[in-house]
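Chain lettering (A, B, C and D) follows the sequence in which the chains are written, and residue indices restart at 1 in each chain.
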Amino acid sequence: MIIVTNQNMTETQWENLCRNLEERGFQIHVIQGVEKRVIGAVGDKRRVDFRYLESIPGVEKVIPILSPYKLAARDVRPEGSVVQVGDLKIGGGHFGVIAGPCAVESEAQMMEVAEGLKAAGANGLRGGAFKPRTSPYSFQGLEETGLKLLAQAREKTGLPVITELMNLTELDLVVEYADIIQIGARNMQNFGLLRAVGRQPKPVLLKRGLSATVEEWLMAAEYILAEGNEKVILCERGIRTFETATRNTLDLSAVPLVKSLSHLPVVVDPSHGTGKRKLVIPMAKAAVAAGADGLLIEVHTDPANAWSDGEQSLDLNEFGELMKEVRKILAVEGKQLG
Amino acid sequence: MIIVTNQNMTETQWENLCRNLEERGFQIHVIQGVEKRVIGAVGDKRRVDFRYLESIPGVEKVIPILSPYKLAARDVRPEGSVVQVGDLKIGGGHFGVIAGPCAVESEAQMMEVAEGLKAAGANGLRGGAFKPRTSPYSFQGLEETGLKLLAQAREKTGLPVITELMNLTELDLVVEYADIIQIGARNMQNFGLLRAVGRQPKPVLLKRGLSATVEEWLMAAEYILAEGNEKVILCERGIRTFETATRNTLDLSAVPLVKSLSHLPVVVDPSHGTGKRKLVIPMAKAAVAAGADGLLIEVHTDPANAWSDGEQSLDLNEFGELMKEVRKILAVEGKQLG
Amino acid sequence: MIIVTNQNMTETQWENLCRNLEERGFQIHVIQGVEKRVIGAVGDKRRVDFRYLESIPGVEKVIPILSPYKLAARDVRPEGSVVQVGDLKIGGGHFGVIAGPCAVESEAQMMEVAEGLKAAGANGLRGGAFKPRTSPYSFQGLEETGLKLLAQAREKTGLPVITELMNLTELDLVVEYADIIQIGARNMQNFGLLRAVGRQPKPVLLKRGLSATVEEWLMAAEYILAEGNEKVILCERGIRTFETATRNTLDLSAVPLVKSLSHLPVVVDPSHGTGKRKLVIPMAKAAVAAGADGLLIEVHTDPANAWSDGEQSLDLNEFGELMKEVRKILAVEGKQLG
Amino acid sequence: MIIVTNQNMTETQWENLCRNLEERGFQIHVIQGVEKRVIGAVGDKRRVDFRYLESIPGVEKVIPILSPYKLAARDVRPEGSVVQVGDLKIGGGHFGVIAGPCAVESEAQMMEVAEGLKAAGANGLRGGAFKPRTSPYSFQGLEETGLKLLAQAREKTGLPVITELMNLTELDLVVEYADIIQIGARNMQNFGLLRAVGRQPKPVLLKRGLSATVEEWLMAAEYILAEGNEKVILCERGIRTFETATRNTLDLSAVPLVKSLSHLPVVVDPSHGTGKRKLVIPMAKAAVAAGADGLLIEVHTDPANAWSDGEQSLDLNEFGELMKEVRKILAVEGKQLG
């Protein structure tokens, strides 16, 4: 940790600061600069929040040197992690394509889409039973009925199922039915929820928050890892920027960046990331080329009548086209599906 | 609702669209423009999500005309709402100053700060018992012990107490001790939590999310109002932008804007909004001048030794200075404290 | 154009508004909604700014229907434009790789890098002679000497040369030496400069501004096109967002989006877009997969001693690696280099 | 300057780095941390760009300690600068209210508005003769005719005149007519223009760029100061964020922040900052309370028929109301108009 002091710090303030640091177990190295005095405080204290040092009179800035996450860091497992559920493998050269409707709507819908996806080559099935909706008046999901339909679709197709958990109170229910538990963007810093999914055994797909930095995202993963669950998949799904021509701004550079910082696999959701059907295929291809370990794609048998997010859903034909294109880039990358 | 169609829409697509709208109870008005055909679809359907219309082939854009919130809208109560707890009134010309430490740390700290705040003129007491922290390794709050210390400080000073609720599982506990329940920025779209606080009787202070638009913020309030709890206070606490010189960018223009759109009172948190102690007083004054109904201020008896957020906390002397300045602007505004 | 009125608009205000519109040549269609009255005003008035209508008492919102650019729109040339300079072709299935140092530094540097790039397969040479620098104390470029060195490198390698024009006063000088004139991100809305390059015959590469929407970017291109120069290449180089882990956020989804809206070719600059050397190759590949028509890559023979932007420059070996990877994705895309 | 190295830096790389720093005149202090080795490099090298150090193999991060601006820094003139033109004083307890139409439209308009503003208490007159417009088809200003009308209005009212300079080629013309030269937000990093206004004697009002950090804004001022012109006024006019309910997000916290970092006076433009007429008065008041040294307000005699920006212009009655409110807050602040 580097501590920059003001020119007008008094000697008493200086001594207080040094004593404060030493009491907390730091070794102190002082550098006298041209205008400012700087302290290098040595000691692995990443588990403590030292932002409070900035409030000590005479302290101008505190600059941490070590990254604040430990279990998520690349050097914990330099070869990279692989998360596996049945035939679906994500990471380490294995690529997952998880597809399905935004919301589970009916048995007919789920069976038709699941079989179509399986035929086209998807190796995971997504579908929302609990839906986070901006408006209290919008459709909020079929809840347990939706979970049962997902399980039924898994039964029929063998595809592992991923679905979103929104509330602690529904944890047991979702864990019972799902193969992978999704934490949505709006809950990326719902720390109670993160801890809870960290204490159960199923893999967790952690979406990046709308305005989360890469560091905050990795710290959210650290919450899950710190509870003992190592099976975390990160999902880039677009961040909020000034640009309104797309629903979000898909930050594909986060893929190679996160992979250099962390051992966790990273998948990309170009459906939410762009919010526009015509951009999904090009951005899915770009995600593969950027080094992603998988994709999350919204597919609906009849997007024009979807109960939510129809404007960004592909139909089964378009999904077939996506798979064809994605396979070509995967071949270049030397990665295999599943 | 206005629906803009593509030039290359087919007649069959056009007929499908019109039938779809009529089946959902809309009256259709067609405007033939120079290049595009536009539909005005009349009917109060704000409770339904019609974004899916954008996925109908031939539809280019769907533009809602009515605002999506109803209970939060200004015209429900044009004179504005007042939220009252004991002597603390917020809204309708009454101004609340709620102050206290970021986190409850000890009995000595809470009693000293509460008495100091009371003496300086605060009419509400804040303090975190459950703390949302970016890192799993940071101090997470004293939990029930913290709530008890808050209650004890209320006992001693008569100040009503506000504290954050983070998880559904702690709802009963927090409701038991708190006078006002705070929903933090990270939980602004934790819809299960919003519904739960909408079903209990205590007032709710709803912080704006880091990347929430004013419309999304009002929709989050609508979740609470829709469950029957009318006592909602909005709190502007800064949004996330590209600027890193301040912790967040305090969006003061949201105060007069929200007050024109909604009847709900709006308070401002310049401590989180700026993250820098020296900016708290000027921005507190600016908030009053912009028309805010109250302030949320972090105060610590010894900021340099605070367990969290010390760099943005005032000490009691500085808080006294803030009150002196704020009273002057309140006099100009013709508003009264409490 | 759609005009939404307030519920409390008076009849006099209504009549004034209607007269105002009719005087400007609009046909008026009135839609009486449940709560609001809406006007559809028909007439191709895209060349006029009608935002002022929002200031007419009783008018709540004005929503344009037609996009504000005309010459840049896709339907002007649905097959897409190709910009050609010597052997370098960009657009219509032809892919350009323009590479070189951030700043021209010396003859030795330019000759070495230009020959290395040519050998590795680049088909254009970039280099800054006038450098926009945040600090007045930073190196500002070799100016005319730099332009001469670029011309000399072109002489030797046959590679067409692209360089940035910063000021109107240097227009003739830059036009004399350059094959393609670059307008930098900071000058995207320097309208005098846009008009000036629109009146000369050389192709223009127009970088997207740090905080420019796609629509504003296309409007900036419209300034050049409106003066008669049709040879405009757009360049996505990252936008400014809250994320600081990368220098900018490379908005790759803008590539397929712009290509659907406009006939102009789009190239991508992953060097500025990410600001980190290790992210350049993955994002270059992703750009090709997203449908870009070319790349702009910073290459320096000795990045550790570059006079500017060394942290994002590749060396010649790394550039060779980039070309190898890019060729593979180009093969999948069915595009050819040059 | 602090240089953080990677764990896997080789000894040769280490020696190269140290030699490189010493050759550039730095004294080196090494701190051996738990995981990383850190160098404190001492020497006032703020005039050099050391970002290139990040490209030296083994270097992870370079952290500057000194702020990059020198002439703009507060400690150059701790009492703060005052810019004076005739009776208009800005800074040091003097408050300027500069008002007028977005664009100069006609003699009748300018005379009427100037006299009305003078009567209401404005002490400066603004008006655009050259207008930066997103669309090439929008009204671009009356140019020299506009400048002459401004001079005529000054003649009549005694109010000093401020107008925007957009192009180097119009410098002499604008300097001839204007009392204060405005550099617009889009030109904040038009470095040639900054240097040019730094070499002439009239005061310069420098608007903050749409996506400029406070540091970049001060560096832009440094460009002007470094050429010898000390009469620089900064103008906060809103930054671009994700929020679209206002035209920009007015960053009022930048006012006290900049005043703590720099001796330059800061004024606020709530008209562009919010883009909504009804928000102008509350935000003007808030600006005064936050410590601003002046205001820039758009006023039009007939906003509904303004040629540009009518939706954010006050009429003369509203401006009178603004002055009444602003005077009250000025009294509290102990500042005087002019």
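Here are a few things to note about the model shown:
The definition used in the following text is that contacts are C-beta pairs under 8 Å (C-beta built on N, C-alpha and C of every residue); 3 or more make two chains touch, one makes a residue touch a chain.
Treat the numbers as computed from the prediction; the structure is a model and nothing was measured.
A count of contacting C-beta pairs for C-D and for B-C identifies C-D as the more extensively joined pair.
The most distant chain from chain A is D, comparing centres defined as mean Cα coordinates. Centroid to centroid, with C-alpha atoms defining each point, chain B and chain C lie 39 Å apart.
In whole angstrom, the spacing between the mean C-alpha positions of chain C and chain D is 26. Along chain D, residues 211, 240-242, 244 each make contact with two or more other chains.
The residues of chain A lying in touch with chain C in their complex are 211, 213-215, 239, 241-246, 249-257, 260, 273-274, 276, 278-279, 282-283, 285-291, 328-329, 332. Of all residues in chain A, only 16, 20, 46-49, 51-57, 68, 132-140, 166-169, 186-187, 189-193, 195, 210-211, 216, 219, 222-223, 226, 240, 277, 303-313 touch chain B in the complex they form.
Put simply, chain A touches chain D in their complex at residues 2, 4, 29, 31-36, 38, 40, 42-44, 63, 65-66, 211, 240-242, 244.
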